[in-house]
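Residue numbering begins at 1 within each chain, and the chains themselves are lettered A, B, C, D, E and F in the order written.
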Amino acid sequence: MARPVTLFTGQWADLDFETLCHKVSLFGYDGVEIACWGNHFEVNQATDLYCVEKLEILERYHLQTFAISTHLVGQAVCDNIDIRHKSILPPHVWGDGDPEGVRQRAAEELKQTARAAKKLGVTVVNGFTGSSIWHLVYSFPPVTKEMIDEGYADFARRWKPILDEFQAQGIKFALEVHPTEIAFDIASAERALKALDYHPAFGFNYDPSHFGYQGVDYIEFLYRFADRIFHVHIKDVAWSEAPKEVGVFGGHIEFGDHRRYWDFRSPGRGNIDFEEIIRALNRINYQGPLSVEWEDGGMDREHGAMEACDFVHDLDFKPSTIAFDSAFEK
Amino acid sequence: MARPVTLFTGQWADLDFETLCHKVSLFGYDGVEIACWGNHFEVNQATDLYCVEKLEILERYHLQTFAISTHLVGQAVCDNIDIRHKSILPPHVWGDGDPEGVRQRAAEELKQTARAAKKLGVTVVNGFTGSSIWHLVYSFPPVTKEMIDEGYADFARRWKPILDEFQAQGIKFALEVHPTEIAFDIASAERALKALDYHPAFGFNYDPSHFGYQGVDYIEFLYRFADRIFHVHIKDVAWSEAPKEVGVFGGHIEFGDHRRYWDFRSPGRGNIDFEEIIRALNRINYQGPLSVEWEDGGMDREHGAMEACDFVHDLDFKPSTIAFDSAFEK
Amino acid sequence: MARPVTLFTGQWADLDFETLCHKVSLFGYDGVEIACWGNHFEVNQATDLYCVEKLEILERYHLQTFAISTHLVGQAVCDNIDIRHKSILPPHVWGDGDPEGVRQRAAEELKQTARAAKKLGVTVVNGFTGSSIWHLVYSFPPVTKEMIDEGYADFARRWKPILDEFQAQGIKFALEVHPTEIAFDIASAERALKALDYHPAFGFNYDPSHFGYQGVDYIEFLYRFADRIFHVHIKDVAWSEAPKEVGVFGGHIEFGDHRRYWDFRSPGRGNIDFEEIIRALNRINYQGPLSVEWEDGGMDREHGAMEACDFVHDLDFKPSTIAFDSAFEK
Amino acid sequence: MARPVTLFTGQWADLDFETLCHKVSLFGYDGVEIACWGNHFEVNQATDLYCVEKLEILERYHLQTFAISTHLVGQAVCDNIDIRHKSILPPHVWGDGDPEGVRQRAAEELKQTARAAKKLGVTVVNGFTGSSIWHLVYSFPPVTKEMIDEGYADFARRWKPILDEFQAQGIKFALEVHPTEIAFDIASAERALKALDYHPAFGFNYDPSHFGYQGVDYIEFLYRFADRIFHVHIKDVAWSEAPKEVGVFGGHIEFGDHRRYWDFRSPGRGNIDFEEIIRALNRINYQGPLSVEWEDGGMDREHGAMEACDFVHDLDFKPSTIAFDSAFEK
Amino acid sequence: MARPVTLFTGQWADLDFETLCHKVSLFGYDGVEIACWGNHFEVNQATDLYCVEKLEILERYHLQTFAISTHLVGQAVCDNIDIRHKSILPPHVWGDGDPEGVRQRAAEELKQTARAAKKLGVTVVNGFTGSSIWHLVYSFPPVTKEMIDEGYADFARRWKPILDEFQAQGIKFALEVHPTEIAFDIASAERALKALDYHPAFGFNYDPSHFGYQGVDYIEFLYRFADRIFHVHIKDVAWSEAPKEVGVFGGHIEFGDHRRYWDFRSPGRGNIDFEEIIRALNRINYQGPLSVEWEDGGMDREHGAMEACDFVHDLDFKPSTIAFDSAFEK
Amino acid sequence: MARPVTLFTGQWADLDFETLCHKVSLFGYDGVEIACWGNHFEVNQATDLYCVEKLEILERYHLQTFAISTHLVGQAVCDNIDIRHKSILPPHVWGDGDPEGVRQRAAEELKQTARAAKKLGVTVVNGFTGSSIWHLVYSFPPVTKEMIDEGYADFARRWKPILDEFQAQGIKFALEVHPTEIAFDIASAERALKALDYHPAFGFNYDPSHFGYQGVDYIEFLYRFADRIFHVHIKDVAWSEAPKEVGVFGGHIEFGDHRRYWDFRSPGRGNIDFEEIIRALNRINYQGPLSVEWEDGGMDREHGAMEACDFVHDLDFKPSTIAFDSAFEK
């Protein structure tokens, strides 16, 4: 009730933007969180006219938008670039694939994204940051304190100028805290904030699905970073009570394999306690959208997007405005 | 009772071998699993005489030995070499640090280790293999099937010649299945075996502490690979029932920090169900040593080694040789 | 299906009775359990005409009623009266606030409530009893057996005359077993019954939300007191699996604070197992209403009352009238 | 969506077939699994005309059928016959009740059932097999290996000729793995298959309600016997987290008694994890019906059949046809 | 400390009585519970002299005795006799194996056992009763109320005369409540007592290992039958948290197989909560022995008997004789 | 090892001090925490000579002391005094029993206790504070914020002068956080500290047994108040996994009754996770004694005190002084 329910378009980039908007409207959503890939939102073509046309499409299907998302290009800003990145980057960012060149072009594209967001009229850009130290995730051979320090220093060097441009445009950048990024749990999120000297344009796109299976306290995350929750993903994940053949690290096998300890799920079909999340969001006074990032390797996508929309509408509720026992007192 | 209890010397390499043997004997152990680092066992100096002297020291303290361990050099065989490896390798393996050169010298050192093991009179070498694909542990940017395939192919190319030499010497190589290695759960262990065409010299140094916190079924591991369990580590790990600030991936923070979801523990003080392990070892007829790899960042090392020795002696038991209800039948 | 679903008006006393009835009807309820405060049901004005007018309002909105509730005045019968009671009592019961005077006036009001209930045509009055010994809840300084005995004796002395009047009027009094009352779990409920020599007019308004977080077996309560379950509240409560900063005793902080171990919840959003409750109610052949006492400090009250009504309608079901395997036998 | 939802008529044999079909259609089902008792499907009267008339009734109510079920006669094939069987068998099979005669007539009736199924146009017959060794379920006095071997040999002797006739008719026999049958868990199901030399006409009518309360891994069952899952029952069962007065063996008391550790339940009201079942059925590519066997001793049958139909329609979903991360790659 | 710890000799009948006594003494036990099979105690040879010689052996090894046990012959009193019984009965009871003859001879042997117990100077005979209805453990084909009634009636007819003789001799008969017996949980134990009109010579040999894996509340058993707990077995059992291939019914496979859901264990190595048992025994004022029935299919018998003796000595403790807070009051 | 193990004498006040010291020494303890009641330590007689005599007794039995404890008199400082207090107070504090007089005399006795502690040579006084608001533990009739505020203000008014005297004497006061006191969980402990403006002489005698059953995070307590942990009690408590007849509030029944949800236990026989406590104490660098407060209503006191001493000696360990992976690096 209280909050608009949007669908993140990132998993639907194979569909034309207008085709997708028509579907999203029929599914029952109030709006979309627009991916900066496919033809959904092309940052380097985002003229004023381009943005007006996008907004007209949204209006045609009675959809709102609150955020655009740049996970793919963002990933390249800090990453150790390899051949995998070619498949997720636009050609003008990949260029000749020279790692440092890719990273710098990605950083420029991010600044451009802030400017494009302003043109479109949204105030939040969600995305990834990449990380030069994710591959050091288990400390063997022993990782030194200095190697980790350098990873956060590199992150700060590359992102502070980007965030300054965000600040100049009046846009927030919301990192989706996630494995493979500079922050993937509470401690690393705190450290990322500190590395940036708590830059006012930097906060989080909260997504509990990346925390639950890791054993990270995703409710505490909301209270800890209450004033940095700029956007919220509704995405579910299932993990097993019993041990399995493949554990958290994923066994070099693919999502969807039943030997896995964990896998993403259509909202409401996994282990995430969304009830507690809504109550925490109410307590910290989050008033933005609840954005479904729909991903479930075992379910038909359209079936899932529909049931997810219903699930979130049933889940959310307006907070109370009265104190209870007072009613006893007339 | 049934099985000798040994202490792995790897965490005690700061002590001279004989000094350590004296302590180990006083702690109550039946023997040692000797690390190929420090001055415990130097592969490149392992002449017949050198081995005789080591055996005399063992005899002096009434200690047996069943295996030597080459985790550090083994790690370099498949790894993407970087500066971290310099600190764990002997100078003659590190050389100029050129990655491919390091890998090849490490491979040669492994063959030498098999020959040295034979001289010392043990039949098992425990160790790591390294992995060229560990850094791809979470699949983003999307990892292709071909990239993983190539990781296992690389592993097979580098290890088959080493294992042939092991086979020629009558020695088994026992991989400690572990994050950062080519195998770290059941599925990846199966795949490693398959990549090697089930080479008869290749099996496992079973260590449950690397499985439990991941959500991997460490009891099933024993039944699945019953004839490949060449050696057993007794090492414990604690993981939390409640979510924490830092999850399985470790948050780029150090062991011992109380915000962690998991940490190693002195045997009996963690979550591993050793009762079920002993019963499974009895069922698969494992007759080798139970080797304590003692690591607990919160406890005094000598205190711990002593209590661990008592713990394992109390834990182990002789299997039954009678069927029960038959006693009713006189 | 089987049972009418009513809404307890106690938490809505800030609304005029007819205004509330209109809402309740729109929410989908079958009826109301009427609080004896606000202008919902004023015992000291309950003439025949007054009652007829109330019934006409109910009829206007197609609502039934089965019980009235006198928690506030009931509380004063046995309590150690202090300033808190002033805010919950009508002026003619509070009077000059002298404790014994208040208790005696409250007792008279209770008898009057039985007579008023009869006029209104209901057969059950729900309420509290108060307790002179609740403050002794933790036994330090050591509480003697005699002090507790005296608490139950006081309860019996004060309530037997009231219950005799109930019996004379053909009305049941249903204590909502609850902390701060003479009975708050199974043992104290048994003792309360015994203290009253099992007075036929005395039984319980079953409300599981006061048992679950305490660790009291709320299903067993139904079987133990099967013939004394005179009324049923549907009210939910959540309690934490993990320990919290504030435990069961409530830390002198307010409801709604996220540091609490437990809090009331809209039905279906807490930990109470209503499925087992319905099955137990079927087995003991309870045929009265299921009355929603809606209290959730984090949710908008009207939103909650609506979803609670749907929840109870989905939950309840008609018991079976056939034995199963017999269908195999034609 | 993907799969038709049917109702098994076995628990409704007190109703005339057409009367039942009318109800089933109103409940919302897509079809029926027809019991070979009552007047639902009488094997010994199943002429071509009889079958045409049945199909016309189904068509009248827009119902499909995929399987008929012969639990009662099937039970008699291997059982130690006693007076209980008289009540579940048609007179022409019971005859004079001489055990071996009953068993042989039951076997003939089974062959006849295969032929009748073919006439009706279904390809699966569900049923029980009976067992001559079920009564040896706890090994005291000590049961010898030979006694068990003989039980499976008897099963094979009696069932192979029946299954050959099924094979000849192009019909599958699907055993509902169940206590009292030759197979009641994974190990005994494997042994039954082996005893039959993996006869191609033999497989399983999967019903999780008989596994969960036993402590049998009902998800593993699906993966283990992926190509032998010929039919699926949706039936739920509840078991207690806390110990009870009566355990798994049932205490010689009746279903529905609240002292029991377990009892059958309307789907969705017990402990079975149907979410995991649907995902496993998708992975093994099961494309048959989901057939509700409705049994809940505490709920009105018609109320239950309706809610069960809704439950299964909400539960089932089409599997995915796209790989996820590929959407990132355009 | 408070209670003597004895070893039940039933699982050691392959050893000569004196040989066993010597061992038992060395293991650290205070006494033995003597099985009426092997040459431990032969009821039909139990003259005064025979008994004196037995007592002299006990005295030689400083062992006490409190009970003899007749599980095997007791089993035959109510059972449906088949070939399995031949292996557990002495020839003079088995005779020609005619079922009714066997049952009657077993009943006579039981009376003789009471007289022999008196000669030996013990006051309790532990044992089984058998059951004519155990094979009806799962109700399919449907079991009628009359069939169960007849099972208990048969039990009463056969056992009342036996118990009268026990009463005459001043001996108690203690049924070990157990699958395959007339009582195997709380409800069936209540029914057995009722069938016997609460015969004063009839009670229970409490053994928690037969309850835990069934889901039966073994602590409640002690409070329910507080005055009928005549003897106590310390025997442990493990059951799985995760579902298995073989469930509670045992899959027709043997003890010791790792696919099982449950198996017996050396005391302290299973799931039984002996701490709560000791506290309950203290509360009901049980003052008899704690008798280890040692059975663990995976452990060497002598190793186990020794560790079990230590386990029970560590476990048991004297109850308190002071009320706590009174110490504050001087 | 690292820390001395002491026994709190409060539960042994029925014994003469020297008699008790002799026993404590034989039980194996390193020292005593001396209660200020019985003849153990009489504050109003504590001259220099008196203290010397006490220290001589300790020396005679090789016992150390680190703290004295004044729970009983401390309780009277803030409590609403009633007849229960007479039984726990010395006559000169109780006097005529006028509540305000008792509170003031108790406050003076506390100051005297600080001076006596200094004479005895200890630096910590453990105790209770009492509370004027404990009886408001459940908020009905509704408790106002002002009533709670006044409770803490009263506490501060009464305790600040006492703590100033403690500070002047160089003594710490350690409140045992406990139901019935001004602080009984984390939130109320924080509030108590704040009410005192974080007086440097005020901290805590940590006792996990009062937190666990409430659902309070007793590990978090240590990290939250790391620099205020002045003393540690080792006391255990058991609470039930299953709901019971009597919940946390205690049902007005006595300790030791098996219907209770929770009860105190001899250390190691309850639910407290002492392993985590020791690790947390190591991390916060607590170096004081581990003091057994032995209370277990079901166990013989001397038996318990002995096993508790062994339990704590086995439990505690020296922290590590080396970082682990460094051993790999030579």
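As a working rule, contacts are C-beta pairs under 8 Å (C-beta built on N, C-alpha and C of every residue); 3 or more make two chains touch, one makes a residue touch a chain.
Because the structure is predicted, anything quoted here is derived from the model rather than measured.
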item	value
Farthest chain relative to chain A (centres taken as mean CA coordinates)	E
Equivalent interface positions on chain C and chain D, same or different at half	different
Farthest chain (mean CA position) relative to chain F	D
Option reproducing the contacts of B-F, where over half of them reappear, out of A-B, D-E or C-D	C-D
Inter-centroid spacing, chain E versus chain B (mean Cα positions, whole Å)	46
Distance between chain centroids, defined by C-alpha means - chain C, chain F (Å)	39
Of all residues in chain A, the ones touching two or more other chains	72, 87-88, 139-140, 142, 242-243, 255, 325, 328-329
Chain E-touching residues of chain F, taken from the complex the two chains share	10-14, 37-38, 72, 87-88, 255-256, 258, 269, 295-301, 303-304, 307
Chain B residues within the chain A interface of the complex	72, 75, 79, 84-85, 87-88, 133-145, 147-148, 151, 178-180, 184-188, 191, 211-212, 214-218, 220, 239-240, 242-255, 259, 261-262
Complex contacts: residues of chain F adjacent to chain B	1, 223, 275, 279-280, 282-283, 317-324, 327-330
